[in-house]
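Just so it is clear, A, B, C and D label the chains in written order, and each chain counts residues from 1 on its own.
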Amino acid sequence: MSKNGDYKNEFGYFAERPQVASKLYDSKYVLAGLVIFLLVIILPLVPNLGKSVPAPKPDLNTPAIMKLPEKERKCVMELEYMRASHMQLLNDWRDQVVRDGNREFTGAGGKKYLISLQNTCLECHSNKTKFCDQCHNYAAVVPNCWGCHLDREKKQVARAEAK
Amino acid sequence: MAKVPTPKELTRINYRPPAKSWMDTKPEFRPGVYLNAPSPKWLEMIGYPYPRKWSVPDEDWHLPPDWKEIILAGMEDRLKRFRTLKLFFDICVRCGACADKCHYFLGSGDPKNMPVLRAELLRSVYRRYFKTAGKLLGEVAGARDLTEDVLKEWFFYLYQCTECRRCSLFCPYGIDMAEMTILGRELLSSVGINIEWVMASVASCYEKVGHIGATPHAYKDMIDFFAEECERITGILPEVTYNRKGAEILFIAPSGDYFADPGTYTYMGYLLLFQYLGLDYTISTYAAEGGNFGYFISHEMGKRLNAKFYEEAKRLGVKWILGGECGHMWRVCNQYMTTWHGPATFLEVPKSPITGTVFEHAREHKMVHICEFTADLIHHGKLKLDPQRNAHLKLTFHDSCNTSRAMGIFEEPRYIIRHVLPEGHFFEMPPNTIREKTFCCGSGSGVNADEYLEMRMRGGFPRANAVRYVHDKYGVNHLGCICAIDRAVLPTLMAYWVPGMEITGIHELVGNALVFDDEIERTTDLRDRDLVGVGKAEEAEGEAEDE
Amino acid sequence: MDFFKRHFSVAFLAVIGLVVIAFIGVKANLQLLFGVVIPYLAILIFIEGLVYQIIRWLRSPVPFRIPTTAGQQRSLGWISRDLGEKLDNPANTMQTLGRMALEILAFRSLFRNLRAELREMPETYAGGKLVYWSYKWLWLGAIAFHYAFLVVLLRHLRFVTEPAPAFVNLLGEVDGFIQFYVPTVYLSGIVLVVAGLYLLLRRIYTPTLRYISLAADYFPLLLIISIATTGILMRYFIKVDITAVKELVIGLATFKPKVVPGIGVILYIHLFLVCVLFAYFPFSKLMHMPGVFLSPTRNLPNNNRAVMHVNPWNYPVKFHPYLEHEAAYREAMYEAGLPVEILPESAEKEE
Amino acid sequence: MVLNGLLKEKRAVLVERWREALFESYPLETRQFFRKEKDRFQNPVAHRLSRGIEGLYGALLQETEEEELKGYLDEIIRVKAVQDFSPSQALAFIFLLKGLIREELAAELCDEELGRQCLEFESHIDGLALLGFEVYMQCREKLSEIRIDEVKRRVSGLLRKAGLGMELE
């Protein structure tokens, strides 16, 4: 390659020195990498692509709720608050019971409730899978409530024993 | 009362006002801290643009009228040709990991010597003219106009980078300041701004023999003289041939080894070794310079000088090339030479004629580092060595930046040292100052001019400081190196910072230790210094006579 | 206003401005713009910009093989190289891949920092001892920041997938292993903010760094810290209806976008900042992410003497040929006994 | 020797303040680095300056040979002689000690005897400054000397060949 070329030198930019070919260098590896990167981004979206994935509707048709007259079918707090902050409320309840021994809660409408996940919440929402789990699964949330609190059937057994 | 400054005022004089931003501070060209402008004749010799008389401290550098367009066109062109430049301009996050790794920053305390900021000097112009954000937002986007002051600043700081790549080692993205420095210096060259020390060396090397600009016969005389010196000291006269066709090996050493002490003693070491082996080699008066100052100012000029290696090897019909102890020569040989001129099909894969070792790792390049060659000899037990002849040395080894960070030759020289020095005479400097983390001598990349002495003393201080540590602690009195620039500048550096240190090439030690069958009894080393034991014995004799 | 203040305040005000824009936008009922249009636009700019910039890099070749070597080269067979040296001075593709992996996954180069300190020890003979220790704060900050960011990003996959992949749930469990508070506190979020603040504060309080830092350095840090902060606020303090959020996001992901009513404004601020980050990414220093893969001082093996590296624009150069060299000195060379190709005239006369 | 005792007591503070005063002559960005970085190899300038200051302070408090004093001065001045400092700037740090002592010991110096001792001590500092000039000059002369040596060494091979080598050395 090192023969005496007939050219000026590197500072004669415009004519003498060969122009760099207009192509993509090392494109094989880099573009492959780029494609892999884009695939990795897109991959999680593929299974649901084009499908509509509606949010689950919590099922409120439990016997306990149905028994109540229409206008008394209200939760302890406003619906909007409960949707966003029910975990906060449960956390506060736990603290009140465990730390202060307080079992009374005044709800949004001034109505008093017993502070108890099992006896108050699950009394109405006895359908854990269709009420709690449905949304928790949808949002991929794993609450640690159920580590201690039992679900409905076992609770009834426990009650029977207590009696 | 007389108006004199108080001591407090004097120490608080901000010699580079820190309150201002880096974009607003300008360099001050004081004697001792800038390099001289080149005389036009050198530029003319190699066909470089805009040869003219100008002077660095002058206000007017007599730039060509369209200098700005030239620089910007040059930058655009280089962005097209070097992915490195684009990438290094774009991806720096200014994390500051490189800041305290530069020997110039450590020695001078000038914040613009932090590699990140030195690069930013170029990068700010890139942003202003090649990036949309910089075009629109200007200073807030870290962009600034290309002005004469900016150009002068480039000149000042790009020649305070010795292309040692220590910063690149610590950079999480491997951003290589050396690459940007070379390309920046190319841009400066395109408007005729370069330095006397480099241009004189390049032009001389281009047309004559080596950087010093000798003639072929003076060069021959010089090496013949070394051979005679060898004979005077050892009784062995090495046989040297020049430009001999049909030799097996072409030997190329840096010019520092045949004109300047103490490199000359290293050259004597080479000659003795080759004589000992009866090596079929020759030295060329054409490809006589291993060093390559061209590489310090542009990739192309590096190639133009380097072209002589293979040309001469082809003309002489040798089988392979052996290279001497040199730093940047080996950076060029290792990282550029095959790409520039290869593959060298007219040569053979290097094979040691003594041990039969095939240097597979150099199979395309066809060139072997003399330390690789000698280490292989020692490993195969082909050399009879008497380490006691180096007993007057206590040695520490300075890894040259180029061979360390652009090649990785660490073990070979150490292996040789361990075999030519008596046990317990070799001391390493602290680990964060050697091997890949080695500090530069402060004078690499063509800034080893004498007018630049003050700056070089600053740049070399971190290295000297580590040498001083082993000097004080272990009484080390010799600093070994495998680089001709090291051998040229470290004596100066040491004379200032660590008086009492001598500099030596590794093959000088080999020359001392080599035992020939038919040599005369040696009383001195290659530098005419008494060997341990010999001098004392003489003294004792003298005393006896006096009595 | 000095350089630092100017650059910092530009970045700071820009982030504040973005928050305000999102806030006003949602209050003005522009949910469609902030919840659908801008996210799509941002992703489009991100992908297009990324591809554009990478292609822009690819248009320039790597003319020379210039790896930074940090260990013993491969040379003579009997000079052994340990794994560290093979990775720091790779001689083949596998070793180079190893080096890259170490660089990208473990920030090898930043880890290299080593310091020596002379500890005063009057009782010893020398009166002191040289102690080596690592100075790896920057490495620690950087790696904490990047990995926390990655974990946070992966955890967010639960919003775009239904059902969420098992590893996302697992990641959430690991991330929240301390089981503190409801909802469980994720460590990654806290680490991200703390590491981000560390990186920001060192920029502000280290004079050297303050000297070199530009608005482009403060802005991404402030932006990411703000994103993490709004995220944390939303998760633990200012709650939003998470089911509705998922409905919005998965709508985007399945290309069936719809505005879901009843989501708090904080979500839109968070989302808008994320969008800005994505759109800003390809035009900023954040391109160091793809850039690190392309760095020629790291992604090439040091085997130039064994394997030819081709430079596509390697052009022939003008050099000083041997015959010109000889012509200039022929007489003298001949007299000095140096072999010449062409005998000088004087020699011919002699014959 | 009451003053001497006081100075010994205040040693840590005064050395620290003196060193700080010396660092003041560097740009802000560098100063912080000097203070923070403790590695003597990664921060050789600060290491050398600190060594000099500590040595000088100790030496001032006792009978010290001139050579030893020069050695400590050398640690500092040799660095400054190659950085961008004029002689006055390079040596000003010596005089700063006076002011620092007066500030630190302001209350004690009301005592007449101590005041007299202080004046005496200050003339020691003046003496130190005079030595400093010598050291500065030596460093600058060394620079010229090594510059010439370097030029000589560049052609030393040739000189040696011409039989001139020995004479020049």
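Everything below uses one rule, namely that a residue touches a chain if its C-beta (ideal position, glycine included) is under 8 Å from a C-beta of that chain, and two chains touch if they have at least 3 such contacts.
These figures come from a predicted structure and were not determined experimentally.
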item	value
Relative to subunit A, chain with the most remote C-alpha centre	D
Inter-centroid spacing, subunit D versus subunit B (mean Cα positions, whole Å)	32
Length of the line joining the C-alpha centres of subunit A and subunit D, rounded to whole Å	67
Inter-centroid spacing, subunit D versus subunit C (mean Cα positions, whole Å)	44
Shared interface positions of subunit A, touching two or more other chains	1-2, 9, 20, 25
Residue list for subunit D, restricted to those that touch at least two other chains	28-30, 33, 37, 39-42
Residue numbers of subunit C (touch at least two other chains)	57-62, 115-116, 206-208, 211, 294, 313-314, 317-319, 321
Chain contact graph, described as a line, ring, star, complete graph or other shape	other
Complex interface listing, subunit D residues touching subunit B	21-22, 24-30, 33-34, 37, 39-45, 47-48, 78-79, 82-85, 88-89, 92-96, 99, 139, 142-143, 145-147, 149-151, 153-158, 160-161
Contact set on subunit A toward subunit B in their complex	1-2, 8-11, 13, 20, 25
Of subunit C, residues touching subunit D in the complex	115-118, 135, 206-208, 210-211
Subunit C contact footprint on subunit B (complex, rising order)	18-24, 47, 79-87, 90-97, 99-100, 111, 114, 116-117, 120, 132-133, 139-142, 165, 168-176, 179, 206-207, 215-217, 220-221, 242-245, 285-286, 299-300, 303-305, 307-308, 311-312, 315, 333-336, 338-340, 342-343, 357, 359-365, 367, 372, 375-376, 379, 404-412, 415, 430-432, 436-437, 473
Complex interface listing, subunit C residues touching subunit B	2-4, 6-7, 10, 53, 56-66, 68-76, 78-79, 88-89, 91, 103, 107, 109-110, 112-116, 126, 130, 132, 138, 142, 206-209, 211-217, 283, 285, 287-288, 291-292, 294-298, 302-311, 313-314, 317-322, 325-326, 328-329, 332-333, 335-339
